[in-house]
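Next come two complexes, and both contain chain A; in the first it sits with chain B, in the second with chain C.
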Partner chain A sequence: MLKKIYTQNFGLVGFYLVIVIIFSVLSPVFRTPGNINNLLTGFSHIGILAIGQTFPILLGGIDLSVGAILGLVGMATFDLMLIFGLPGYVAIPIGLLVGLLAGLINGFLIVRLKLNPFIASLATMASFRGLTYAISGRQLFPNLTVLAIQDPTYLAIDGTFGFIPRALVYLLILAAATYFLLHNTKLGMDLYAVGGNENAARLAGVNVNRAKFVAYLISGLCAAIAALILTSRMTTSPEGLGIGFELSAIAAAVIGGVNLQGGSGSTSGPVLGAFLIGTIYTGMNLLGVTQYAQPVVAGAILIGAVGYDQFVKARRKKDLQEQLLLQSLHQMKKGG
Partner chain B sequence: MNKMILLQARAVSKRYDAVQALFEANVEVYAGEVHALIGSNGAGKSTLIKILTGAVLPDTGDVLLHGNQIPHGDPKAAIDAGIACIYQESNLVPNLSVMDNILLGRQPTRRMGILDRKAQRARVLDLLKKHDLSLDPDAVVQSLSTVQQKEVEIAKALSLNAKVVLMDEPTAWLSQVEVEKLFRSIRKLTADGDGVLYISHVLDEIFTIADRVTVIRDGKVVLSTPIGETTKGALVQAMLGRQLSSEVSTLRREKAEKQIGPVAIECRHLSRAGLFQDINLQVHRGEIVCITGLIGAKRTELVRTLFGAEPPHSGEVLIDHQTVHIRRPLDAIQRGVGLIPEDRRRDGLLMNLSMNHNLVMGFLPLVTRLGLLAPDLVRQMGQQQVDRLGIVPSRLEIPTRHLSGGNQQKVLIGRWLAGNTGILILDEPTVGVDVGAKADIYKLLHDLADAGAAILIISSDMEEVMTVADRILVMANGGLIASFEKGEMTQEQILNAASGELIK
Partner chain C sequence: MDEKMKRELAGFNRREFLKMSTVGLGTMTLVACAPTVAATAEGGTQTQSSKQAKDSYKMSFIQVQPHTVSTAWGQGIQDVTDVQQDINYKQLDGQADPATQITLMDTAISEGVDAIFLQPADSVALKPSIKKAREAGIPVITLNIDAPEAHAAHVEMNHYFGAMKIAEKMGEMMGGKGNVVILNAPPGIIIRDMRTNGFVEGMKAKYPNIQIIADQSADWDRKKAQDVLSTILASGKEVNGVYGVNDSMALGAMDVAKAKNLLGKMVIFGNDGEKAALESIEAGEMSGTQYTDVWQQGRLAAALAIGLATGGVSAKSFTHQGHILMPYVIATKENVASIQDFQRW
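Our next item is the complex of A and B:
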């Protein structure tokens, strides 16, 4: 399986290694264990969002609302614990449910009302964010702004197992589970079928609507998990939590080889993509690149990564075509 | 023969907006028979198929299998009941493997929906062996050739173990050898007591394979008879509601020496690595040249290169005796070359735009005033072509996707005529086009040639080649291997040449 993941993301792995080597040479801090730890923890949530985003994109859709769902879930658990005084082990499952519910709403708009995914999730992005402000305990009770989450169960979310950051563990488990789902289950095949040719899938008796609901539910759930990690880490939940995260998640997924037209890609690539983005930002911070220039450089590097990946794929496709041609020539000779 | 009715469509009707696509149609498929369904484009065959497979909801009427009613508009119910279909357009998922496509939506699973790959592979291999199909189960479908993809579709339909298999023009993209293979599979099915509903434009095929035939015209069943009790002429007449067979044969082009003018387009030693090599050909003004050959002979690649859609590696192209450098289609268009591609939905038409848009889009500068589109000129140009080509329905605002295949093809031809294109290249111009529109298109091509146009046609349809061509070139394995003047060849000779057996 590892080999398959490697070959699927061949260009990307190579590019990532090059970036790591460059930063390691340029910045002595970059290659310290502390920084590597930071890297692995600091961008796990983007990786998780990218895994979630993979599913809508795989179906030719998109979920722009993941950043807003993240904010909403964070605020919901914050309220539950600090306003209602509920323990963390109650707040956590409710938080996950909120994420699923948000995904369900997206699914309803897209499947039942047949709205374009871009428009539907753009609308829910605004609505969820508005709702986050409306229910903000920090707005309703000004003293809460300075109060931190103290529930031990909740704070344990972002702890470590020994020296391994838990956020990274969640990410790897999620990546493995979704990879298994996509490649080894009937549901996974249905997702690829719907993304690749919706009409063919429908005519073959695939439950297209269920596949779409599942995609947005997974996206919502992943946003909720990311929310729990981040709020546990920050011990609070600002109203603006997660703004702009959807862009990183989409970028990570696309860099990771998920085709925006749907039908192809997996969850291993997007995780790599998230770390690539994270590594670039961290590296630039350490090199003292100004905040304003960072997005520009990051954008340029991302284009390079996607471009290189496309180049590798195009070359492989060409090889394949030539093989096909040789084969058919061979057959013709035999036939003639 | 056992006369048990397997599948029955009873008084099925369907209306799309203003068009009555199907009206009270009755069709029965008996066990162990091949039932052919024929009719012009837009006659309602595809609508009927879609109703039978549950892809479309009928307005009224019932579909019965073994006398049991099948729920309407539910593809899964139809599949479960035992109705399989090979659709005309591709219904494969390009990113999935052959194995997954064949058992799409029905992959065997173990507990909790986890795939049982071993069982799946065994079933697929078994099926491929049984029907003598040589496909790699792990190959990704998009890496396969068109013919292989069609084989995957056939395997997919056969894998359902259906009682009735519907086939909507299954041979449109197959070569002779593969058609015979398909026929063998069909005979295997009927020998097992299954029924086949077979749609085709090719009457020869129907007389080879079918036991009974039903003709649909304008959404109504006009004829249903055992194949032995009818003739080609009678079928054509039923399809068209008029005598046409003779009309088509009078279309056979008589060579008129005087009309052949100077060379319009010529290529010398044209090659593209791995595709075709050292192609030399000339098309004169007033001449129709056909390139025929088997699928995979790289004919399409050759004309795409002539048109500038793909660059040659070596060789030169001359237009009106002048060497030209054609790097993109626009260069070719500006020199008066037009290409009508093989896949008109994918490469030709903007299906969601109106007929009028499609007719003028190649030559917008001709319908502008001061650089702005002039609606009256646009309409005028569109109307001219609609009248000239006899496109029906004739309303210019109709979205192109609502037109039948034949009329769509006319729109594509009309687009080039609007710009007075003098060199016309047509790639399989009548695939999926009904007999009536075919005759119109042949006549149009003859008129164009007589008016001095140079016409190059790629065609796998032997009857078409024999009917329209002044000169026939045979291509195989990326090379031109034979050339025949009109009247000096038989169909058999051409076929022999195409399959690689050089006669001379």
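Our next item is the complex of A and C:
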């Protein structure tokens, strides 16, 4: 049985390698280090969003507002630096705080007001986006349309450590930290418990509300980190930044094996899922696949990846059930 | 759960963590090797200020998202590049996202293309990418939406002066007095400011008695424009003229005017010169628009790119940014028939 669990997760890595090999063979540019570097830089922020998204999904919920939180945090730091003239090392922690606050609002709606997570985060998605437009520095002061962020601390967020993209480093640190959180702390156990069966968890004494709040806080924080990276890269914050990112994050998480019903998955898969999406798009660009066909191809590959994952899960479940049945028959025999 | 299973699961957790770290470490090692391999792989041609002649050239057009205008530009570009026989042209979808466009720029640069056509989704956000391209010697030609980072050329529909001419024509049709509503683009785009400033300054200069009573964003969108104008009309103000900063919004205004039987009393101007707008002008509904032949715009951009690429001119040899304004026609009922069918997009 254990071998089968290992195979399931390994399936995603294997699938990813197959895709990489195919593109590397078909496109000489794909396998250049420059391209790999671009891939890692260009999709790390999706990976970070996917890691954040893992937590609400593990609870059987979802956070549709991450794209809007990203836009809001970006606009907040932009305004703080370019309208209020605050230095980067002040704007950065405030930006992270805004992300946490947004997550707190989501948590409040879902935990205290007991709203359905889909509905609640849909509502906050719209509200945060509207707020982003309302506080947009570029709308309030049109001359900011052509002004770039110049604070050196802030601009240092994106870039490279030597030859390694900084965004990738943040992603890996975050992945390791959240992995540790999920598998080696009581909070992690609580999250899995709530996701598996919320009522059973509550009866077992798990603080369900706290677990939920933490999940949405982490989701908001990850969105804030992604916002800092992107706005540092762009030296500005467009009002529409982040629109549609939530779907990529959810897709990456699901491909990474996080079950939408909750209770299973980890943060290692979503990282791979994000780069799988990025690899597919970049590969198709380099092969000259017409832009109209690209979403279709990407969708087909995603269905394949998720479908295989579901197939393996179903097979594992069947094997597990067979084993349990055999065990209980064995017990009955011994008892009788 | 018995002890054996618990230990096995713990072992599995460790194993998965190890697997993940290996993937991470492997990736980082690969990336760390990037410079040494890159130095030998990427040639020196891109760092010189001139380039060698080649057998074939690559060009990419990074648009904001599929749209009538950018599709027409692409067709215009392809009209010219196809004839050259040695140019590989690609059109890429930026998914209306600056972050996606930055990644596409990075890909194009590492691909070593010979020219990049760019319609920036955000002018400032694409600055670092344009700079990267210039430093790699790749000419960047922006279409319609400029960016404040020096690049080879900016080819635009005549935003500022065209809008001024629209104001003059509109003022004339309004008889020199009345109230005007501007249905505008979302904030933060250079093109919006140019098309608005040209209009406002043109109006102020020629027809100071005309008041601009509202300037609201309708997001380039016909439906949104309908909502915005309806709301303004509902507030009881008299509206004698509407300037939609693009044709879609002007058509939205026309929809509202038609529904409320105000077509004869409202002078409605758009900007772009879309087929739907031209037909509306012929039908006597919209009053006019600024028409630019967007295929021609694509062709002119392509001509410049091909000249630079085949001539081996590096982007680094430009001393400052080039600028091409497109010829245009202020199309009204009188002259719209002169725009032939094959010119309409």
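To be clear about the criterion, the second predicted complex is superposed on the first by the 304 of 336 C-alpha atoms of A that agree within 3 Å, B and C clash if a C-alpha of one lies under 4 Å from a C-alpha of the other, contacts with A are read in each partner's own complex, and residues count from 1 in each chain.
Assume a residue touches a chain if its C-beta (ideal position, glycine included) is under 8 Å from a C-beta of that chain, and two chains touch if they have at least 3 such contacts.
Bear in mind the structure is a predicted one, so any value in this text is a computation, not a measurement.
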Touch count on chain A, higher of chain B and chain C: C
First (chain B), second (chain C), both or neither touched by A:Ser127: neither
Touched partner set for A:Gly42, first chain B, second chain C, both or neither: second
Partner chain(s) touched by A:Thr153 [first = chain B, second = chain C, both, neither]: neither
Partner chain in contact with A:Ser24 - chain B first, chain C second, else both or neither: neither
First, second, both or neither for A:Gly205, with chain B first and chain C second: first
First, second, both or neither for A:Thr236, with chain B first and chain C second: second
Overlap of chain C and chain B interfaces on chain A (superposed complexes): none
In the complex with chain B, residue positions of chain A that touch it: 184-190, 192-193, 195-197, 199-206, 263-264, 320, 322, 324-325, 328-329, 332, 335-336
Interfacial residue positions of chain A with respect to chain C in the complex: 2, 5-6, 9-10, 13, 29, 32-38, 40-43, 45, 136, 138-139, 142, 145-148, 162-165, 168, 172, 175-176, 179, 183, 230, 233-236, 238-241, 243-244, 266, 268, 271-272, 278, 282, 285-286, 288, 290-292, 294
Of chain B, residues touching chain A in the complex: 53, 55, 75-76, 79-80, 85, 87, 90-96, 100, 104-107, 109, 112-115, 143-145, 156, 177, 274-275, 294, 296, 476-477, 499-501
List of chain C residues in touch with chain A within their complex: 8-9, 11-13, 15-17, 19-21, 23-24, 27-28, 30-35, 37-38, 41-42, 66, 88, 90-93, 95-99, 102-104, 106-107, 110-112, 121-128, 148, 186-190, 193
